[in-house]
Each structure stands twice: as C-alpha cells, then as structure tokens.
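For reference, the structures are reproduced in the following blocks.
Look at the two complexes coming up: chain A is in both, with chain B in one and chain C in the other.
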Partner chain A sequence: MNRSFVAKNPSVLIFLACLAVFTLVVTILSEGFGIGVVSTSFVKTLGKTLCLCLIAVAMDLIWGFVGILSLGHFAFFGLGGYMIGMWLMYERTRLIVVESLSQSDIPPTAAEVTDAIGNQIFGVVGASEFPLIWVFADSLVLQLALVVLVPGLLALVFGWLAFRSRVTGVYLSILTQAMTLALALYLFQNDSGLRGNNGLSGLQNLPGVTASQDQVSLWFLWASAAALGAGYVLAAWLVWGKFGSVIRGIRDNEARVRFLGYSVESYKLAVFTLTACIAAIAGALYYPQAGIINPAEVAPIASIYLAVWVAIGGRGRLYGAVIGAAFVSLLSTWFTGGQAPDIPLGFYTIKWVDWWLVLLGVSFVLVTLFAPKGIGGLFDLITARRSPDRHGADLGPDDGALREQEAGR
Partner chain B sequence: MKRLFALAIGLLLAQVLAAGMAAAQADGIQPVLQAHKDTITKSSRKTIGPAIDAIAASGVVQAKDVLEAWVAKDMWLRKSDGLFFRGEKVEGKTYRLFDFDSGGAVGVFPKSELKQLKPNSGVRALIATALVRFQLNAADAGKRHDALTSIARDPDAAHLEPLRASIAGEPDAELKATKERLERLLTIRFDADEAARLAAIGAMSGDLGVDVRAALNPLVVTTRNAAKELPEGANIAAQLSPGQDGFSRQDSYALLVAVGLALAPPTAGEIRNALNDNISGGRVGGVPVAQLSDPDARLVAYDALAASGLVLARIRDQQIDDILAAHVFFDLYADPSPTVTKAASQALDEISLKVGLNQTLDLTLDALSLASIYFLAAIGLAITFGVMGVINMAHGEFIMMGAYTGYVVQQVIPDHTVSIIVAIPLAFAVTFAAGVAMERLVIRWLYARPLETLLATFGISIALQQLAKNIFGTQARPLTAPGWLDGAWVLNDVVSISYIRIAIFVLALIFLTLFLYIMKRTRLGLETRAVTQNPKMAASMGINPDKVNMLTFGLGSGIAGIAGVAIGLFAKVTSELGSDYIVQSFMTVVVGGVGNIWGTLAGAAMIGFLQKGIEWMNPSNTLAAQTYMIVFIIIFIQFRPRGIIALKGRAAGD
Partner chain C sequence: MSTLLEVSGVSVTFDGFRAINNLSFRIGEAELRAVIGPNGAGKTTFMDIVTGKTRPDEGRVLWGDKSQSLLKMSEARIAQAGIGRKFQKPTVFEDQTVQENLLMALKKPRSWLSVLGYRPVASDLARVEELAAEIGLVEALSRKSGELSHGQKQWLEIGMLLAQEPRLLLVDEPAAGMTPTEREHTTDILVRAAQTRAVVVVEHDMEFVRRLNCKVTVLHEGAVLAEGSLDHVTANQDVIDVYLGR
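== the complex of A and B ==
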C-alpha cells in the first residue's frame, strides 16, 4: 500500500527531495554551520517561510479539498505560538530571576521565585499574579501538548457548532473570520492574562541554550523543514485514499455525499480540527523564530492573506499551496523590506514599499479571474495535464467546488 | 482657646462695624480705609479679615469700587497724607488718582510719591469672596449669573449668608431659582442649624443634578475606625466584627495597625531581611543558610532570633485573637449629626433610583445611536450581499472613499454646512461609479462563485486601502461637522446625546425609507427583485439582468459612500476606517437575515443594544464587550443560521 501511495504521488517524493536539498543548501551557506554566505536573519526568514508553507498546506487541505474557505486559521497559528511562547517566556524569566536572587545570601523560597517571575512578566500590564492559564507554563512537556490541544479543542468546539447547524459557504467564512476577530480582541485586553497588546517577547532566546543565534536559527530551520515534510506527507496521504475521495466529494457536492450515507459533518470536523492542529504546530515553530507574538498576529487580515497565498499558488494541489506561500511571502518581504528598486516614471517614482500592496491586490484579482490554477497551473504545462471540458460547468454545485478551469482530469 | 479668639475678633468686628457705619454716614469710604490703614498697607491673609469685612459691611456705595480696585492692584496710597485713591497710569511713571467717594480726579502724581497696594493671592481670594455679595446684587444680570457660577464651582461657607440675603431682592425669576437651589446646596454643606439642613435635604431629594449628589455624598461617607471602646456621641454607621461580612481578620488587624493600636507583624520581606542581617557562621538562629529556601525553616530561624532578643517577636494567631477581642471596629460618618446622615442617605437612595432609570434611558439612546451607525454601515451591504448575494469585502473601502470624498470637498469648500451638502451627493456619485466599475470588471465574471468573489474583492480592498494610504498619508484626516451639529441635546445631568448621533439616527431612518421605496415602488426595485430571484425568467420577461445587476451594485456602493461621510463626521478619517466596520457590517446582515432590510435593521439593533449592554456591565473594557458580542453572535448563528428574520419558501433560494 505504501508503495502504491508513493507510486501514485510522485510529487511527494519530488517535494521531499526539493525540501531536503533546500535545507542542505541553506545549511551549507549559513553562518552557523556553513560558509556564511546567507545571513542569520535571512535563515530565520526562510525558516519562518517554511512554517507559513506548512499552514498553507493546512489551508489547502481545508479549502482546496473540503471546500471550506476558513478565514480563521491564523487564530490557531497564533494560539500555537502563544502556547509555546508561554513556556519560553516563563522558563527564561525563571532562569534570570533565580540567577539574580542567588546573588543574595539567603536562598529564595519557591514563592519568592514565582512572585519575581510574575512581576517580571506581568509588570507591563500592571499585574504580578499568574493568571490561571499559566498553570502549566513551568512544564515544557505539558505546554507542548497544549500547543496542539488548545487550538485543536477550539477548532473542535467551533467546528462542531458550525457544521452541526449546517452553516456553509460564505456564512462559514464570515463566521470563522468573526472567531479570529473575537480572539484577537480578547487577547488585546490587558487582563486576558497574555500581556495584552504587548504580547510575549524574547522568544528567540531558548532557555538554557548557550548556542548562538546563528546555530539556533538553523535548528529551527531544520525543525520547520521536518514539520513541513511530515505535514505534507500526512496531507498527501489523507487526500490520496478513500478519505480523500470523500472529502473531495463534499467539496463539489455535499448533498450528494450525504445521500450516499457518509457523515459529512464528521469528515468536515475531522479535517477542520486536524488542520487547526497543523496550523498550531506551524505557529509554535514560527514564533520562536520571529521572537515576538502579539494579538495583531491573529487579526482577521492575516487569515485572509493565507487564502491569498493558497489561491495564488493554486488551490486543490498541495505543492501549489507551498509554492504560493513561499513565493508571495518572500516577495512581500523583498518588496516591503525596501530592497526592490524604485521605478522612476519621470513625473512620479514608484516606491515599492508603498505600492507593493496595490500590486499584490491587483495581481490577486487577476489570478482569481484569469488564472484560477495559480502558479501551480504552470506545472500542468510540463505534465501536459489538461482541464476537463464540462462546457462551462464547474465540478459541483457547492460554493467551494472547483471551477472548470482549475480542475485537472 | 480658639473660641475665645473668635469671640475677641467678633467683638472687635462689631466695634469696627459700628464705627464704620457711623463714619460712613458722614464721610463715605475714606474714613473706613483710614481706620484700617495699617492692616491694609501691610496686608497678609491672616490679619486682613477685619479690614475687608469693615469695607464690605460699611454700607457705602463705593465699597464695591474700593474692593474691585484693590483686587485689581489699582489702589494707591498717597505718601504725603496717607489717603487711598484709585490710580490710572497716565504715561511713563506718573499716575492720575481718583477719589473713591466723589469719583473725581484728584490730579497726576509721579510714582515716587505714591505706594501701590499689591495684595497677595490669599488676600485677593478673601477680597473676591467679599466681592461676591456685591456681584450677587449687581444690576447686571450677567454679573449675577457669573457670581453664582463661581460660587457653584467653589462653594464656601462664607458665601451662604450673602447668597441668602440676595434672594429676596432678585428680580429675575430664573436667577432666583438658581440662587435658591444654590442656597439649599450650601445649607446642606455648611449651615450650622440642623433643622435648616434637614429642610434643604428634603427639598433636594429626587433632584438629578450632579451637584446635589456632590453635596450629599460627603455626608454619608464613612471611615473605618477602631478603638478600645465605642466613642461617646459619635455618629456611627455600623459596628463590625472581625471575620464577618467581608471584614476579615487580616483586614481588622491591618486597621488596628493603621490607627496605631497594634504592632505590625513582620512581613515576609522583613523576615527575610532580618535573617539576612543576622547570618553568623553560615547559620541564622541555628538554622543552616542553605535550608532557608523553605518558608517554615525561615520562621524557625526568625523565632530563634526573636528568642535571643535580636528582632521583634512574630505575633502569633492567639495574640491576634486577643488583640482583636479587646477592640471594637466601626464605620464612622464624617458628619456628626445622625438625623442629617439618615436624611441624606434616604435622599441619595431616592436619587439613585431616579438616576438608575435615567441611566437606562441614556443607555437606550446610546444603543440606538450605535445601532444606527451599524445600520448605516451595513445598509449598502444589505443590498449587495443581502439582495444580490455578492460578498463585497471592499465595501468597507467604499465607506472609506465616501469619507475621504467628504474630506476633499471640505478642503475646497471651507463652509462646513455647504461642504456637507455637496459632499453627500458627490460621495454617492464617486462610490456609485467605483461600484459599477468593479461590478463590470470583476464581479460579473464570478456571480456563481461566492467564495472567489470574496477573495477577489478582498484583493481590491487591500489595493484600495494602500492607494488611500499613498494619496492621503497614514495620519487621520479631519472631517469637521458643521457648527449646528456641535454640542449635545441635554435632558438632565444624566441623559444627553450629541446632535451628530441624532443626525446619524435620522440619516439611518431616511436610508431605510429610501431603500424600501426603491425596492418596493420603483421599476429598478422590481427588476432587481426579479433578477435576484430568477435571472433567466427575468431575462425572458425583457429585463436586462446585466444592467440591473450593475445598477443595483452601484446603488449599494453609493449608499456606502454616503454612510462614509456620516461615519467620518464622528470618527477620524483614515485608510483603515472601512476595515474597522466590515466584519461588524457582515455580522449585522448575517444576524439579521439575508435578503431582508427589516432583518438588517433588527440585526443592527440587536448588535447595538447587546454591545452597549455588555459595556454597561463592564464599563472599563470595550474590547471585552466586542469579544463577548462576537462570541454571542457566533452562538446565535448556530441556533438561527438564517438570521433573525429568515426568508421562507422560494425567496429563500435553496
């Protein structure tokens, strides 16, 4: 069975090979272990991009294969980041506090240490007590479990409520957007227990690790690459078998799948929760590389950009999502970072820092209108995959169904 | 001693008054001034009182002029004969002097022959207080009003008598009412006569004014106190027993410490410092230092130190109990009279009930105005999303475009009223054109693909937002409301609503009527409904669906533009203006029920009232209110997925 999976999905092997080569090349060129051509900050950017690719795979799974346009997956991404951030911040502050308290003659009591940590962490929001949600923050194992459990549980409850009452299509999109907006607004409060709009900071410093950031950034690059590879294989395996056929059926014609006797809601809920967990893992890897997380990260706009990446890369094909996320986010970094050359028009100079979003918006509209296959569609030219001729009809009647132009035979 | 002093002053005053009166009849104000020459020339806050009183009470008409000249530093002393005059600067260092009594000019003198009286600020305040009685009886009603305002702003016991005296002679009915009200407030606070205070409290109960509550509240404020036994004759609100009614043992002991009846127990930090100071040979009180990370070990070490007399002993629970049992704890009123405090708290109860009712009314008005803002923002969506089923994520940017149109018009036309009148149709035209262009270029290719429409319009949204940022910059631009919209409609001290909010409410009503009229009474409305229900059938009836869709979308966008002008009037115009409202607008339409304007109205009302309601329960936190509101909406949609007012039958579509 395994052989036939690989045989039927040659793209998985190609993808894994590309990922491995990429990681190897970056490692060789890096400052930490290699010849130092690629700067550490760029290694971090690449590592973060890999995490974004991973959440794009999750997004493609839920949107491209189940047809649910979720505009809230960055909520799970952010929650994953917060969960790991809590441990990182607690542990690092604890080490600093213990170090400074050990200067005095009398060894500190446990309560004194906890109070000092609380003061350090929550001083910015005018509190010093540990809120209840930090109860597991001293344990890496538990907090790692929470990375998956908290977003997974949120997705489970939210999805169960939404799918049970048959909220579909655009309504579901707006509902997921409302969910992430509610979460962002909640986190913005100072008494949310997660430091309000200050967010959690200093996450790039791993507690107890003395290695330089040059090396730590590579560790995270490897971890992100491994997670992306594993996530990709898992997603490919899911959409390959019978399970994949059912969820594609749900995407194109939900009513018909339901009449065939499948429990549509359970399938949707399973994929929704699974993708939330993948998004959370991506977030947990992303934010230690970014160094800071604040509530603005889970604002609705982030999740919409996620949809933009997948759409530009080409939804309904996993490598499309990865390419879209990598391409758009790297291009975005390039343009907004001021590295792109300005274009003088004589009467006006186009500064890309100002005009990049306009370009992105317009090109996104153009892709939606004229190239629904996205960048991934270019590979069809090589493999000579042709679009079906359904005389203008889409694959199914549902909102999420693939369009004639973006489907493959 | 104090009383004796006051008596002496009083006697002195009476004599002076008598003398002053007698003199005044004969010679005017100058003799009075001469009588107090020393205190006036060497004025200090402590000694000046009798002189000012003598002048004020002299009964001479010119007394007021003297005080005014004095406070304005216009009073001069002629060194040659020691008489006081009002001086006016002529030129250089010469001054023209005027006699106070006759008012006539005496002559021009160089400054070297004169001495200016410069009262310090403390003295000036006393003079101003004395002047109030003249202002209260001034011929000019405006001056009387000013005097009342200044008393109300800074009430003082000294104002009570002049105020009382001026009531009878007040010709203006309105000012008389104000004076009587102020007199009662001052009576409540400063009068020595208990019966008068009770009468005043009774007269003021049920009054909603903030000043009434400000006068009554200090009377019922209690301070928590402790003593060996209850003080005699004190106005005690309640007696407390430690460990009951939220008054814990820790609290009561801390209170004893605060009033100095008990010793403070050493805190954890003090224990730590004490241990730190007494380390000897790696041990403290016989306990090895390494073990002191255990709190119990610390206590053992501290007790050992205390036993050897190095530090104060800890206070044991048993001791605390004994100390607590030996004292009484009580809440003490600031005012000594129990009848007054009782009457005041009754009056406050009555007032708070009324205030509560009025606050509910105020909250309702607030909620209504918030609902009309949401309705305004959502009504364009009710057309494009509700009727046509097109998700337009750029709707918020149309609102923004409308607001910026208003801003640009104000740059061209400086008159705010005219510019608003021009801006409204212009904003409609601009966003109508933008809407039509968008429908022609993008949306019509995606009619059967709502999710793609959502994403494509989002692309337009980010492009438009950035474009606005590039053109107008990131800072907020002002869109100023015309002058007649400034201010607020004030019903009483609790209920008030600004005119802008009323205008927005009216605008929302106009839009509702307009929408209903267009949809139910015009050709376009009929065709729109036909096309949205069944495009093919409508087309075969001779309706051009393309044209109808285009016009309907343009209409929805145009209304968003007008809403933008309205929203811009009270919110700052930024490129993010639209995105602040977009999610709420979609919520409004979805919660209300798609395809029905009454549903949108109900949705806006529900969200508006809900948000204000939650804000009222937790007033410090509008973020929390929004969070809980969205959570509530998410749950609400679970139970009514098609909104409050759901279309039934064929109109529902599927």
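== the complex of A and C ==
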C-alpha cells in the first residue's frame, strides 16, 4: 500500500484510530480486565456489533459502489457462522465424549468415540450418523478454510449465472432474496445435516480453552475489531484507484463502461464474491459471540435489514455503512431487549418490542426521502463537502446509480 | 482502400417493426463518413448493431483485416477490438472528475486484475493533459464531470473516445446542444481524428456535415437511400422527398 493512498484517504486513518480507541476503552472497562463497568454480555454485544459493521462495509462495497442491491448477503454471513460452528460443536462434543468414556474400564475404540459424538450432536434430529458435510469438522484449519470457500463458491456460481444473463436492478435483488430464502428453507430441514431448526449451539465455549467468558469475550472483541479494521482498509483501497473508478462507473452507467471495453460482468462477479467472503468472515466471528446459530439467522429479512442499515448510515461512503450498522443494530438491541420504556398513551401503550420495527421502517422511508446521504451526511457539514452544482437528475441511468443528493463535489 | 468494417444484408425487427432493413454499409481505414437521415431512420440502431448492443436478426458484420465477425462478440470485446462509440445523449461518469473519466478511457489493459494494480504513471497523466487540452477542458480536469455544461460533456465524451485510441469511431450527433464556435471546434477534432482512423458521424445539421467535407450516406427506413458527396445526395430526388423537403 503506498503513501499516496493514506495521504488521499485521511478518513481511513481517522477510522482506524477511532476503532483502536474504542477497543481499548471497552477492554479497560471490561470485567475481563478487572474494572467491570462494562459487563461481559455487553462486551459480546459490542463485539457482535463490530461484525455487523464489517458485513455493512461489504454491503456498501457491493451496493454503494457497484450499485448491486444484494438482498442476500446474510446468507453468506450465516454460512460463515455455520462453517466455524461445525468445528466448535464437533470438537467440544468430542472432548466431552472422550472425557466421559475414559471413565470406563475398557478404552473406547475410535469408532465408538465417533458414534458417541454423532449421537450427542444429532440426537435432537433423531439421527446419529455424521452427514457427509461434516467430513472436515474435526479439523479447525479445514473448517476455517471452508468459512470463505463455501460462501465464496456459492457467490461465484450464483453471481456468474445472474450477471452473465444480465439480470440487474429489482430482478437481481429478488433473485438474491430467493437465494437466501432457499438456503434458509434447506437449513430448516432436519435432514439438512446441520440440525434443522435447532441449529448449532454452545458456540461460545472454545474447545480446550479454560479461560472464562470474561476473557474469551475480549479475545473476540479484539479479533472482530481487527477484522473490521482490515476489511475497512481493503474496501477503501479497492474503491480508491482506477478499480474504484470502474466500479463506480458500473454503478451509474454500466452500458457506458461496457463500451469502454471493460467486461462489466467480471468486475461485478469479483466484487460480489469478495464481499461474500468478507460477510462470511464477519459471520464466523459473530456466531461464537452469539453462542448459537440457527436457520432463522439467514431468513430473507436479515439481508433487508442490512440494506436498511447502510441506507440510514449513507451508502457510497464506507464510514456511513459502519455508523449505520452500529447505530441501528445497537438501537435495535435496546428497543427489542425491553430496556426502552413503554409509552402509555392512555388508550394505548406503545410497547417498543412491537413498535420498534415500525419506527425503523418509518425512519428508513424518511431518510430515503429527506436525507439521502444518511447519517454520514452529517460529516459533510464538518468537512464542508458540498453537493455538486449540476441541476440534473441522478448521476446515471442505472437502478443503482447515485442520486444527485447523495453525491459530493 | 482496404475495408475496415463491412455490414451486409443486416435486418433488425423490434416487436414486428423493421428498424433496419437489409442494410449494407462499408467503410475503409482512415475514412471520414457522415450518416444522415430523418428521425427514426435507424442511425442509432445501426451503431447499436456494430457495437454489439443489439443483435441483428440476419446479416453479417465483419471487422478488420481478418474479416472477423462481430456478431458473436460481447460489447466489451468489440470495444477492445478497436471500436469506440459516442452516444447521442452525452454519457460521461458524472460522479467522477474529468481526469478520472479520461484515465478510465485511456488505452490500457481492461481486466479487473490488471486494473486493480494500475497506478497512473507520468506519461499517462501527460496524455490525459494533452487530451484535455484538445477538448478545452484543462481547467476542468479536477472537476466532477456532472458539473460540466452540455457541450463540455459532449467534448469530454469525444476526448474519452480519442483516449481509447480506437480504429473506428462511431459518433452519434456530436454537435447537439453546442454553440456555433463549439461546433466548428468539434468538426476540427473529428477531421483530425479521421486522418489516422475511420470515423462515422451521425448528424442532422447540414452545415456541420458540409464542413466535414466527406462522403455522405443517407439512411431511410433502415436502409441506404443514397450515398456520395453531399452535393450529390442533396440533389437526389428521393432524398429531397423523405428528408430535405420536409
């Protein structure tokens, strides 16, 4: 990475500094460190939020910069979680099984151990055989590789089919919704091999680690912060040079890019696959902090929320996506966690658990209509970035094109 | 003169409407050609076919010394083969600076991997400056192209076309929305470009076409109605009836 990249993108340094300070402050105030102002469960919430910020960066890359409104990126996020969850669950169960069998007089055979693990894991869905997809579950290295390989391959195949047939705009969004719905429905089946609607659980316990959750939660916070930092720098670097120029061109007017001699499809496919991998890594860090993953996590609505976060934060600027994801998801935790006080109106009491979604929906509509730059637009007031003086319509003919109000001079 | 592009017997039908009807057309290396014709004659559709945007129902489109067929190639491949195009409505990347627009068009490897590693070197920036000077946009290099005037956008698009260094330039109504002086300048650019490559210009303005001082093809209802010098075609009774007489 050369000097002019940093020089031309001071916001990257500012972002990294903010992220470092945030991580440090949370660490010092945590129970794991000893001060204990921030509870371990809240450390986990913050760590998970960082993972959501990372997938929001991926979403902003594909939507804000390439103009593809993907409503399926949570499928990749969930798959990443499942891949790491398989190893976590296998290995922990194996340790427990070996431990309990070692009490018996005759040492157990390898087959007996495997059977016992299978019984433990798949008992809930009335099976005990290991499905084929678990072949690598005993290897951390291989499962970690699968975290990016499985979602990456799915994105590659899906993207290749969709982009090659020139599906764009709303139709592509619907297609991505169909993909995540299909995946969720498949995972819901008991014979999917991934424990149906029970999902994978106990993921917060790292096999062979004796440290308390106070400590483990900090490790994951650090890992999530590092991943977010790396993902942010990578994304900023991608959208900076000529590659950034081409993908923004595709967002605003892909036909024009084609007539310049660029193969639009391969650019879309490259970014789509890359963002799927980033989403998968975010998921692999998220679910060990959440402790459980089940098919509901990849329900189509999750991917729609992702688009809402990015829109509220302001698309087409990476920090906007991070702010949107952090702000909305934390607010959502607060409202749906029952902490927000109910509002008695006399004839009716507004319970936020029920009304939060309505509030979110209304805010989304209001932001789209009246503040297209989202929360990120507030930074323009400080940096005095002005909107262009063009008196025209949107910046391009394509569905994903930046609207005039979203652009900067 | 050796043939650069040969279109023969091409027809296109849109929902039963024959926009291009058994059209044949050829242009040689380093030739300047004007295409005129009434609205809806199929001039833009003709460019769509050559650049791969529209697939014809029948006919052949052959390109270059090896007479390669363009019909199976994607738009990007055709552009890489050396055909550049300027659209009727100016289309530049409005959210990007004039410099970024020109750099993107500059003749360089187009694959995403090579673009990822690309950083403009001094000679690239110099070439961009040179192009900007030619189209009168040196002062505007760091401005977002969305802020340019209509005429300036037209020029930027012509500049991008030159940056591509194509062997054939297809230019759709380049002078629309330009002042008379701007038009004159545009003619100069096109005439100069045609010294080293083939240029096809679609234009309604007869004054503009006269200044180009080249062979003219008149299209009507998707087929060639007349071809020859401007004086020759304007004297043609059919041309007067369908185009000039109205």
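One rule holds in what follows: the second predicted complex is superposed on the first by the 404 of 409 C-alpha atoms of A that agree within 3 Å, B and C clash if a C-alpha of one lies under 4 Å from a C-alpha of the other, contacts with A are read in each partner's own complex, and residues count from 1 in each chain.
Assume a residue touches a chain if its C-beta (ideal position, glycine included) is under 8 Å from a C-beta of that chain, and two chains touch if they have at least 3 such contacts.
Quick caveat, the model's predicted, so the values are computed rather than measured.
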Thinking of the overlay built on chain A, is A:266 touched by chain B (first), by chain C (second), by both, or by neither?
second
Max touched-residue count on chain A (chain B vs chain C) belongs to chain B
Touching A:124 in the superposition: chain B (first), chain C (second), both, neither?
neither
Give one of first, second, both or neither to describe whether A:108 is in contact with chain B, with chain C, with both, or with none.
first
Check the residue A:242 against both partner chains and state whether it touches chain B (first), chain C (second), both, or neither.
second
Would you check which partner chain A:400 touches, where first means chain B only, second means chain C only, and both and neither mean what they say?
first
Touched partner set for A:234, first chain B, second chain C, both or neither:
neither
Once the two structures are fitted together, what part of chain A is touched by chain B and by chain C alike?
none
Where on chain A is chain C touching in the complex?
2, 238, 241-243, 245-246, 248-249, 252-253, 255-256, 258-264, 266-267, 270, 388-390, 392, 395-397, 402, 404, 407, 409
Contact footprint of chain A on chain B as seen in their complex:
268, 272, 275-276, 279, 284, 289-290, 292-295, 298, 391, 393, 442, 445-446, 448-452, 454-456, 458-467, 469-470, 579, 583, 586-587, 590, 621, 623-624, 626-627, 630-631, 633-635, 637-639, 641
In their complex, what parts of chain C are in touch with chain A?
51, 53, 74-77, 79-80, 84-85, 87, 91-96, 100, 103-105, 110-112, 115-116, 118-120, 144, 146-147, 160, 164
Applying the document's contact rule, which stretches of chain A touch chain B when the two form their complex?
69, 104-112, 158, 161-162, 164-167, 169-171, 173-175, 177-179, 181-182, 185-186, 188-189, 191, 300-301, 304, 307-308, 311, 354-358, 360-365, 368-369, 372, 394, 399-400, 403
